Amino acid sequence: MELFVTQLANGLVIGMTYALVAIGLTLIYGIFHIINMTQGSLYMLGAYAAYVFVSGAQGNYFVAIVFAMVAVGLVGLLFERLSVRPLLGRNHLVFILSTFGLAVITDNLVMIGFGPEPLRLASPIARKFINVQDVLFLTQQKVFLIVFGVAMIVLLTQFLKRTNVGRGMRAVATDQNTAALMGINVKQIYRVTFFLGAAMSAAAGALVGAVFSIEPEMGNLLIIKSFAVVIMGGMGSVPGAFLGGLILGVSESLGGAYLTVEYKDAFGLIVMILVLLLRPQGLLGRRMGLR
Amino acid sequence: MIELSGIEVYYGRVYALKGIDLTVNEGEIVSLIGANGAGKTTILNTISGLLRPVAGTIRFRGEDISRTEPHRILSLGIAQVPEGRNIFPDMTVRENLLLGAYQVRDEHVIRKRLEQAHALFPRLAERRGQLGGTLSGGEQQMLAICRGLMSGPRLLLLDEPSLGLAPLIIKQVVEAIRSINAGGTTVLLVEQNARMALRISHRGYVLETGKVVLADTGARLLENDQVRAAYLGQ
Amino acid sequence: MSILHLRDVSKHFGGLQALSHFDLSVPQGAIFGLIGPNGSGKTTLFNVITGFMRPSAGQIHFNEAPIHTQPAWRIAQLGLVRTFQKTSVFADLSALENIRVGCFARTRGTPLQSILRLPGERRERRAADDKARRILALLGMAAAESIQARNLPYGHQRHLEIAIALAAEPRLLLLDEPAAGLNAEETSVLMQTVQRIRDQGITVLVVEHDMKLVMGICERIAVINYGQKIAEGPPEEVSRNPDVINVYLGEDLEL
Amino acid sequence: MNAVLRWKWPLLAALLVLLPHLLQGEYPRHLMILAMVFVMLAQGLNLTMGYVGYLPFGYLIFFAMGAYASALLSVNWGQSFWVGLAGAIGLTGVLAFFIGIPSLRLRGPYFAIVTLAFAEIGGLVLNNWVELTRGPMGIPGIPSPTIALPGMTPYRINGSVSWYYLMLVLAVLVTLVCQRLVQSRTGDAFLAIRENEDLAESVGVPTYRYKLLAFVVSAMIAGVAGSAYAHYVTIVSPDLESFYFVITTFTMVIIGGQGTLSGPIVGAVVFTILPELLRAAQLWRLVIFGVLMVAGIVFMPRGIVGWAEEQWQRLRREGRP
C-alpha cells in the first residue's frame, strides 16, 4: 500500500512534467503544424535558468521559476526566428531537422558552459516533508510542483478561452486566413505561441530540477515522450496533453515498481506507436485546432 | 469609396486576375458575378490583403492599401465574410462573434454590436452558447455575416452568402444584406446566384477568367444575354 | 459499349453525403463531360472512380471488371488514369523524367534487375526514354526535355501533366479541370489536344467548370449537384435544361 | 578542363587506391576508414530521406543493430566476419520490414517520430537485455575479418591499410547498389513518391511497396556499415546510436546534398575530416555540427552538390550566350 501510494505520487510528479512539456509541443503544433524538437532543450534550459538565478545570483527559488519562464520564453522567440520563420512554406520535414539541430546546439552549449555533471537546483522546500496518514511521505517540493503545474494549466486554458489573444490563437490554429480576416495579426500570434510553449517547458524544468538533479541531457528522452503524450491526448488538445501526461507518468511509475524498471521508458513509446498505427486516419483526419 | 485599378494577381505562375478596374461608391451594393474560377473570390481576398497584387493599386477612401497587411486593412474599416462561412467550429457562437471584434477594445461597443447582431438574426441569440460546428448552414451564414459586422466596417465584402442555402434562408439573408446596407454600410457582394445578386444590387460587374467583361446596373445586367453566356457558354 | 460504368455509387463522410446513388455510363471512345458547381461532388466522384477513395456503396466497373475495391495504382495499371485539379507534376524532375515516371505502369523491371543491371532492364529504360521524347515532341515541347518541371511556363506544366498520364497508356483518361488558370488561347490549344487524344482511341472523361470548353468538345454531358446527377445528355440539350440553368444562374426567387 | 572531366572516374579510382600510401601515419588512415563507414551510412540514409522523401529519424538504430548482430555472431557464436555481415544485413532487413509495414502508412512528421520511437525502444533493449548485450558495457573483443579463398592462405585484415581497402570496397559496393537503384525504374518510383505521392499512385506506382523497399534497403546498408564498423573498432556498445552518430550522419546528407549520389560521399568525407581540423574545438564539435545543420537547411537546401550544380549550370549558361 505504501509503495503503491508513493509510486502514484511520484507518477503524478513525473506526469506533470510530461504534461507541461507536452502542452508546449501541442500549442506549437496547433499553430504551426510542426514538431518542435527543441521542446526538451527548453525544459532543460528552464532548469539551468533557475539554477543560475538561485546559485549564481542568490535569488529566491520561487522568483527563479518566473525568471526561468520569461528568460526561456525569450529563447523560444529566438528559436522561432532562427529555425521556423525562415522555413515557413517549406516541407514539414525540414522543421524537424532544423529544430533538432537547434536542440543539439543548445544541449551542447549548456554542456560546455556548465559541464556534464549533474547539478543541484536548491529549493527551500526540497527537503521538507509532508506526512499524509503515515502512508505517504512527500516533499513539499513535489506537492508544490503538482499544485503549480495544475495552476499553470488552468491559467493557460482560461487564457485560451477567455482572452482576446487566446481566442486569436485558437482561431489561427483552426484557419489562418479567416483569422487574418478577423483582424488578427498572425505573426504576433506566432510569437506568443512560441513564447508560451517555451515558458511552459521551462516551468517544468525549473520545478522538476529541484526534485531530481539537473544535467544537460535531461531533456533528451523527454521530447519523444511528450510527443507520445500529445498523440495519446489528441493533437492540439491542452486538456488531452494534461491527462495524457499524468497517465504516462503514473503508468511509468507504477509499471516501474511492479513490472519492469528497465523498460518503463518504453511504455509511452509503445502506446504512441499503437495509437498512431491503429487509427492513423482518425488522428490525422481530425481537425487540429487548439482545444 | 474603394477603387481598384489595373489589379493583377497570380497564384504561383497562374494568373488569376488580369487588370481589374472597379469602383464601389459609398452606400452602394455592388455585385461581382461570373462562373466558377472567374476570379471573384480572388478580388475579395486581394482587397482584404490575403493576396498581394503584382501590379495595380487599391485605394480605399483615398489611401493606397494594395500592400497593407490584413489586420491593418480590417482596422481601416473593411471586413470580409469569407466563402463557405469559415465559422470556427470548436468555438461557441458568442466566441465567434467576439473574434469578429478582435480589434475592438471598448467593452460597451462590443456589447452594443452583439445586441445589434442578435437583433439582425434573433436565431443567433438563442444559439449563443452552441459550438459553431453544430449550426446549420443557414445559421452559420448568419453568424458569419454578424461576425463580419462586429468590427463595425464601412465596407463589407460578402463572398457567396447564398451558397448551399434553402430559398427561404436565402430570403432572410437577402433581407439582412439590404438592412445592413440601409444602415449605411457599403456592400461588395460576390455571388454565383446571379439572379439574386443582381436583383438587390445597384450595380454589377461580370467577370470572366480574371477580367471584367461587363459592367452595368443590376437591373440591366439581369436582362443581358451575355450574362447567360458567361455562365452557360451559349 | 460503355468503358466505365457506375451503378448506385454513394460516398459519405461522417454525416455528409457527398455522392448519392450515382449512376453513370461512359461510352467507349467518347469525350464525356462532367459539370457542376463548386462543392457539388465532382472531385469526390473522380476520387472514388480512380481508387483514391472507397465508395461507401455501389459498384464501379471498368472494361467490365469491378474496380471499386482496387488500390489506385492497380486501377492506373489497368488503364484508367487521371490528372489532378491543381497542377500536379513532379516539380523537381525534368520534363523527360516526369514522363518517364508515367511509363512506370507499362514497364516491368524489378528492383533486383535494376541492381544487377540486366540487359533487359536497360533496354526497357532506353525504350521508356524514347517514348517520353516522342510524347514531348507530340506536344511541341521537345526543347523542354531537360528543364525542371517547376521552371516550365504554366501552360506547359498543364500539358506535361497530360503527357505523364498519356505515358501510362490509358484507355480512359480522366481530366480534372484541365483548363483552370489557362487563358482563352491556351484553352483552345487544350481543346485540340483533347480531341487528338480521343482520336487515338482513348476515351476521355473531363470535369470542368469552364462551360465553353465542355460545350465545345463533349459529345455528352452529365450535370451533378449536391452529389446527385440532375441532368445528362448532349450539350445543347443540357444547356437548355431548366434545372441546370437554375444551378448555374441561381434560382429565380421572389425578392 | 574537358580532359579532366573525361578522365574523372579513372583519376578518382587511382586516387582512392593510392590514398593510404599517400597518407602516411595511422591517424589519417583511420580517418579515411571512418569516412568510408560514414559514406555507407549516409548513402543508406539518403536513399529514404533524399530519394523517397521520408525522414527515418531513428535510422541509426539499424547501424547499432547491424553492429550488435555481427558482434554477437562472431564473439558469442564464433562465426566469421562474413557470416556476421550477412547476419547484420538479414537482421536489419527483417527489422526494417516489420517496422516499416505499419510506420509507412503514416506520412510526414508522424513517420519520422514513429521511427524515432522504435529506435528509442531498440536502444532500451540494447541497454537492458544484459544477458545478451552486456548492457552499457558493450561487447569487446570482436575479431578481425579473414579473407579465405579456396587455394589461398587465409588473409587476415589487420592494420589500417588493409582495413581501408576493405571499407573502400564496401563503400563502393554500397554506392553502386544505390546508384543502380536510383538510376532505374525503381529510382523513378522513388523520386515520384518524393515529389508527389498521389500523382505517383495515379500513374500506377505502388507507392507503399516502394517506400517499404527503400526503407528496408536503407536499413540493410546501415547494417553493413554497422557490421564493418564493429569489427574495425572491435567493440560495440549502445553508444552507436548516440547523438554523435545521429547528428553527424544527418548533417552529412543534408549538407552534402540530399537526393544526389555524390552528396552523401562529399558530406561524409568533409564531415569526417573537418572536425579533425577543428580539433582544438573538440568540445564544440556537436555545436558546430548543429549550426551547420540548421544553416544548411536554411541557406543551402540542396546541399553542397546541389549548390555546385547550380553554379556549374550558371557558368555554362553564361559561357554560351
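Chains: A, B, C and D, in written order; residue numbering restarts at 1 for each.
Keep this in mind: a residue touches a chain if its C-beta (ideal position, glycine included) is under 8 Å from a C-beta of that chain, and two chains touch if they have at least 3 such contacts.
Everything numeric in this text was worked out from a predicted model, so none of it was measured.
**Q** Which contact partners do chain A and chain D have in common?
**A** Where chain A and chain D might share a partner, there is none at all.
**Q** Please name the chain that ends up farthest from chain A once chain centres are defined by their CA atoms averaged.
**A** C
**Q** Suppose each chain is reduced to the average of its Cα coordinates; what separation in Å results between chain C and chain D?
**A** Averaging C-alpha atoms per chain gives centres 41 Å apart.
**Q** What is the distance, in whole Å, between the centres of chain B and chain D, each centre taken as the mean of its C-alpha atoms?
**A** 56
**Q** Counting in whole Å, what is the centre-to-centre distance of chain B and chain C, each centre being its mean C-alpha position?
**A** 34
**Q** All pairs of touching chains, please: list them by chain label.
**A** Final set of chain pairs in contact is A-B, A-D, B-C, C-D.
**Q** Provide the residue numbers of chain A that touch chain B in the complex, in ascending order.
**A** Per the touch definition, chain A meets chain B at residues 164, 167-168, 170-171, 174-175, 177-186, 287, 289, 291.
**Q** Considering the complex alone, what residue numbers of chain D touch chain C?
**A** 177, 180-181, 184-189, 191-192, 194-196, 198-207, 213
**Q** Would you mind writing out the residues of chain C in touch with chain B in their complex?
**A** 37-39, 87, 153-154, 157, 177, 180-181, 183-184, 209-212, 214-216, 239, 244-245, 248-253, 255
**Q** For a test of understanding, state which residues of chain D touch chain A in their complex under the given definition.
**A** 53, 55, 57, 102-103, 105-110, 112-114, 116-118, 120-121, 124, 127-128, 243, 247, 250-251, 254, 283-284, 286-287, 289-291, 293-294, 297-298, 301
**Q** For a test of understanding, state which residues of chain A touch chain D in their complex under the given definition.
**A** Against chain D, the touching part of chain A is residues 34-35, 82-83, 86-87, 90-98, 100-105, 107-109, 112, 220-221, 224, 227-228, 262-263, 265-266, 269-270, 272-273, 276-277, 280, 284.
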